[in-house]
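Given below, in the form of structure tokens, are the structures.
One chain, chain A, links the two complexes that follow: it is found with chain B in the first and with chain C in the second.
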Partner chain A sequence: MSDLPPPPPPPSSTPQPTTAVPSSAVPTQPDPATPPQTRPPPPTSERVRIAMGAPAAPNEVLSVQNISKWFGDVVAVSDVSFSLGPGVTSLLGPNGAGKSTTLRMIAGLASPSQGAVRVFGENPRKNTAVRGRIGIVPQQESLFQEQRALDFVTLAGQLNGLDNPAGKARAMLELVELDPDDTRSIATYSKGMRQRVKLAQALVHDPELLLLDEPLTGLDPRQRIQMTELIRSLGAGGVCVVVSSHVLEEVERLGSRVMVIAQGRLAASGDFHEIRALMDDRPHRIRVRTNNPRALGAVLLTGSGITSLHVVDHETVVVDTEDADTFRRTIAGVAKQANVSLHGVQPLDDDLESVFKYLVGR
Partner chain B sequence: MSTVIAMSKRIIPAIATRGRIIAMLLVGVVGIAVGMFIRRAEADFEPEELLLQFLSQFGFVIFVPLVSLVISTAALGTLIEDKTLVYFWLRPIGRWKIALAALLAGLFVLLPLVLVPMLGLSLVAGSSSTTGALVGALVGVVAYTSVFTMLGLFTQRALAWGLGYILVWEGIIASFSETTGRLSIRNYSTGAMQHLVDLDVQLVENPASMATILIVVASIAAVCFAVTTVRLNTMTVE
Partner chain C sequence: MTAPGSAEIFDRGYRAYDGPRAGVSSSMKAVFVSTVQRALGLRRKFRYKIVPLATIFIAYVPALVFLGITAILPSELAGQVVEEYAGYFELISVMMLLLTAFVVPEVMGADRKTGMFGLYMASPLNRWHYLAAKFVGIIAVLSLVTTMPSIFQMAGYSLLGIGPEGFVETIKTLVKIIASGFVLSIFFALFGMAASTLTNRHLFASAGIVMSTIATAAFADIITQTSDAPSWIQLISVVTIPLELIVRIWGSSPEFPQIEGVSTLASFGAWALACAVFGGVILYGYRRMEVTK
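Right after this comes the complex of A and B.
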């Protein structure tokens, strides 16, 4: 537990302005919530074999320049650029948006079809030393099934050249709330336990860049809270943490800056709250069920904020509005004014997919 | 070297599955059983030469390449298939160490799996063939392991491609002429045995000298090792 960095500072009251990002833009994102801090250096023995590459700019850990990745005719990532320093950054996007591909290119596991990735100023695919500064939790569940968790994490430490890999592995397993003395093989572990083993192996060598691909998948609510706190702490301690997620609430809890990726493009970036507002401010489509849609529609059109209205059948009207919150607050009163019964109000485009499509189309 | 051994230790359980070991041992047992049958059936007609021919044909055309194929293609192929290669690949170590670890793991499993049945078969054939059979098997195992470990990195259908190579190239094309024979591994493993058998038996036409055999096998191993390392450097890892 002594490896835990101090808890994160409270979120800044002056978040960065949020922008929908043209695909060719290069947003540099200092962490608004966690000013850059210097991590205590790891023991010299652990780092002695790692030649440090000169970073391109102060505090810049990661630089992604106009990367694209395509598989045959399918474009997975299209002209994405950003640079990151210490702190937590979330890649938010629906499944298949290109998050994992982006993470894999950052780690060097795949090469971009176009563009360049630099980690600490170096190409992670070609520079052996840089790989020792990266930790990754891949999305796939696969682990060395027949091993004990302690052996698996110890191996990771050994391959990273640690002096006492077993000791460090024990500490990391305790950090993720697993029993280092568990004699069972990983094959018997639940999905959540495997997820924590993966995190332990990613942390065992004190990486300065930590890439987490859907790290909260499979965890129970208590474990999610614990893992979220751990990720926040690492970011506050100076680690550049990049987390991919398709769950908005997860990203919110991480209190991080956010990059929205949809259809392979960087659609927006900035502080979470600004992204949230951007999503909420878009036009919304709402289905209202009533005993008299025409009467309700007539009254709705006399008010403001309704951009279009369509009576679908004898009990349904679909409304487009730019102010969904106001609509939800006032619809009951409007129904009363129109002297109709209200049977249901249902948003039709509140799923993340619709949100991301909107952001991409802006 | 400790990192190489550590990785080898992880690869060995992945390739030495119970099913593979039992299946390969069964092939060896079948060979020994056939050898014993030949010895009994031909007891009155100088069985040594016939048994040596059988040992050479079964051992170096079927058994050694087949077992090497099944085990060696799994050394890196399994890591790719179950997506655990990333846990080796994303470490600050040279890729050649991963290639070496896979090669060593394959040899560690294969040597007893091949040499013990070959020893049994040579004892059935006659003790004069024992050294030749073991050295020939060793030559074959090293060469085939290098080739098939590399193959496992290039395709998920390594078993099918390898089987095609064994049957078509080593089994058919290599026997067309002396020239094509020189391009087959079986020629060198059989040649090594030929040099060390006491009896005046022709197992292969004009076998290369023992020094040439060792140089060729070392060259095959070195080239395959280099190609495997380059491939590990340039491949996309899932």
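Right after this comes the complex of A and C.
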């Protein structure tokens, strides 16, 4: 969903991450009051938002406006803004980046030191009815471990005022492939089973906003696939799902819509392919397979836009270019000019991992 | 036998809940039930039931003993050995303290330690709903020690013909028992909750409850016996505060005299002040509390 709001002006005390990318890369309207050449390039996150366009959509579920959170001298989250509607969005960042703190603020469990969170237009800290529309899977596993899974999930249903909490709890436990009649306590469960109990309690009241903090941790590969499918189907069914993770392959399977948080700041948000396309300060690395890499390389170097070129073996050349689109358009002609056969052109850093490394490593 | 062509694959996938949803009162009831269950060790392993159930049972022992004695004695002698209600509350104050020290940190600290507090706060409850439900749950459990044994005792005496005479006296006695039970339960519930607000550690909170009770009682005794300190100084003792008010409810007797120089209003004031201080600690602590799990 391209529903990110126009960026608010960043306060001077908490500047957004900046980038050396020229502002000409950004499709913005020039400000008549400011000469274009003296205008500093907007931060990456802003540029992505601008590129994704559009103010908040009418079906906006969640709106986070310039939230910051600090604990004493430690800034956990700094000036983060975004808004989301139905669908799955991954909150991606290394450990300690501020993902869990952000989720807690969205759920109303912690108050922002600065800024505001709105869920369905309401403050979840103050409007308890809104919290009944939120489901959360926390990261910790020590939740009432002496209880049976059915009792625990039933309690969650009771807390949310369901008519038949035990019945819904049974259905949810079956959905996550756990036996509702298991008499063992949660303490005896494996990590993956506990994770599924937490997911069941988050789903029991049919939330419209689902916050999942590292939900796939501890699951075996088959369960991961099943849970991923479940999360995707919930998103497709109209639930706004925010999944925090630091595991890139999990995030990639959940969809391409990501928000990257690094050092408490929102580094980028949107489709990660589009984010990569906007990262013009990083040359795009492309692998070209040909029958004569040296000949092709020689012709490529006579053109413009190539920053480096490396002949890897007798059939592969890796090219770094500032303009990947132009390169893709012209490579066939260049091959013809060099009188070589072209076997394949493959981007090497257009995946989430590269995007993540670039953003987090800034 | 299944008819040919009747095969069906059922969709076991996620299904949205479309039933009714109750309000905050339902959520508070869930917290209340969960609190009582956890306090009494219900739906938990046997070892968790031992302390609360043993404590509660012991609180009924004096009533059983007195009823047994009065049952076997001739009625003219039985009336002379009847235990006064005010005295019963003093007898069970140790059990009350033990139950408070065991139960309250268990139902308060464990939620924060395990992250359950966060899940409660992620439901349609706010902190004050949560605290109110916890408070009522703790009162309900403590009443099993404060109020119920005396009601049991009164019922037994009535059956033996040495209980309150007439309907009005019975109601009066019942009201006094309930009032006394609430004086003790409310005081100790707030005391335990305040101690549990200060630490997530069950052991620290339990030790704090017991040690502060013993220390304040010892301090008050030493001061009053070794100096010319005013008699109201005895109200420094945590356990004396509610027991003194209970003496006022039942009326002073030679066995259970009231503290000289302290009016009933002052006794109630001391109880209310202590409750307010404990309540303030709880509210301040939970208002500032961050959900970090």
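Rule of thumb we're sticking to: the second predicted complex is superposed on the first by the 214 of 362 C-alpha atoms of A that agree within 3 Å, B and C clash if a C-alpha of one lies under 4 Å from a C-alpha of the other, contacts with A are read in each partner's own complex, and residues count from 1 in each chain.
Convention: a contact is a pair of C-beta atoms (placed from the backbone, for glycine too) under 8 Å apart; a residue touches a chain by one contact, two chains touch by 3 or more.
Being a predicted model, the structure only gives us computed values, none of them experimental.
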When chain B and chain C are modelled together on chain A, clash or fit: clash
Contacts of A:Asn160 with chain B and chain C, given as first, second, both or neither: both
Which superposed partner A:Arg131 touches (first chain B, second chain C, both, neither): both
Which of chain B and chain C A:Thr302 touches, first, second, both or neither: neither
Touching partner for A:Gly108 - first (chain B), second (chain C), both, neither: both
Which of chain B and chain C A:Ser233 touches, first, second, both or neither: second
Partner chain in contact with A:Asp206 - chain B first, chain C second, else both or neither: second
First, second, both or neither for A:Leu175, with chain B first and chain C second: second
Greater residue coverage of chain A in the superposed arrangement, chain B or chain C: C
Residues of chain A at both interfaces, chain B in one complex, chain C in the other: 104, 107-110, 128-129, 131-132, 134, 136, 138, 140, 142-144, 146-147, 155-156, 158-161, 201
Residues on chain A engaged by chain C in the complex (per definition of touch): 71, 104, 107-110, 128-129, 131-132, 134-136, 138-140, 142-148, 151, 155-156, 158-164, 168, 171, 174-175, 185, 201, 203-206, 230, 233-234, 237
Residue numbers on chain C that touch chain A, as the complex places them: 12-24, 26-27, 29-31, 33-34, 43-45, 48, 113-116, 118-126, 129, 290-293
Touching residues (chain side chain A, partner chain B) in the complex: 49-50, 104, 107-111, 128-132, 134, 136, 138, 140, 142-144, 146-147, 152, 155-156, 158-161, 201
Sites on chain B touched by chain A in the complex: 2-3, 6-7, 10, 13-14, 82-84, 86-94, 236-238
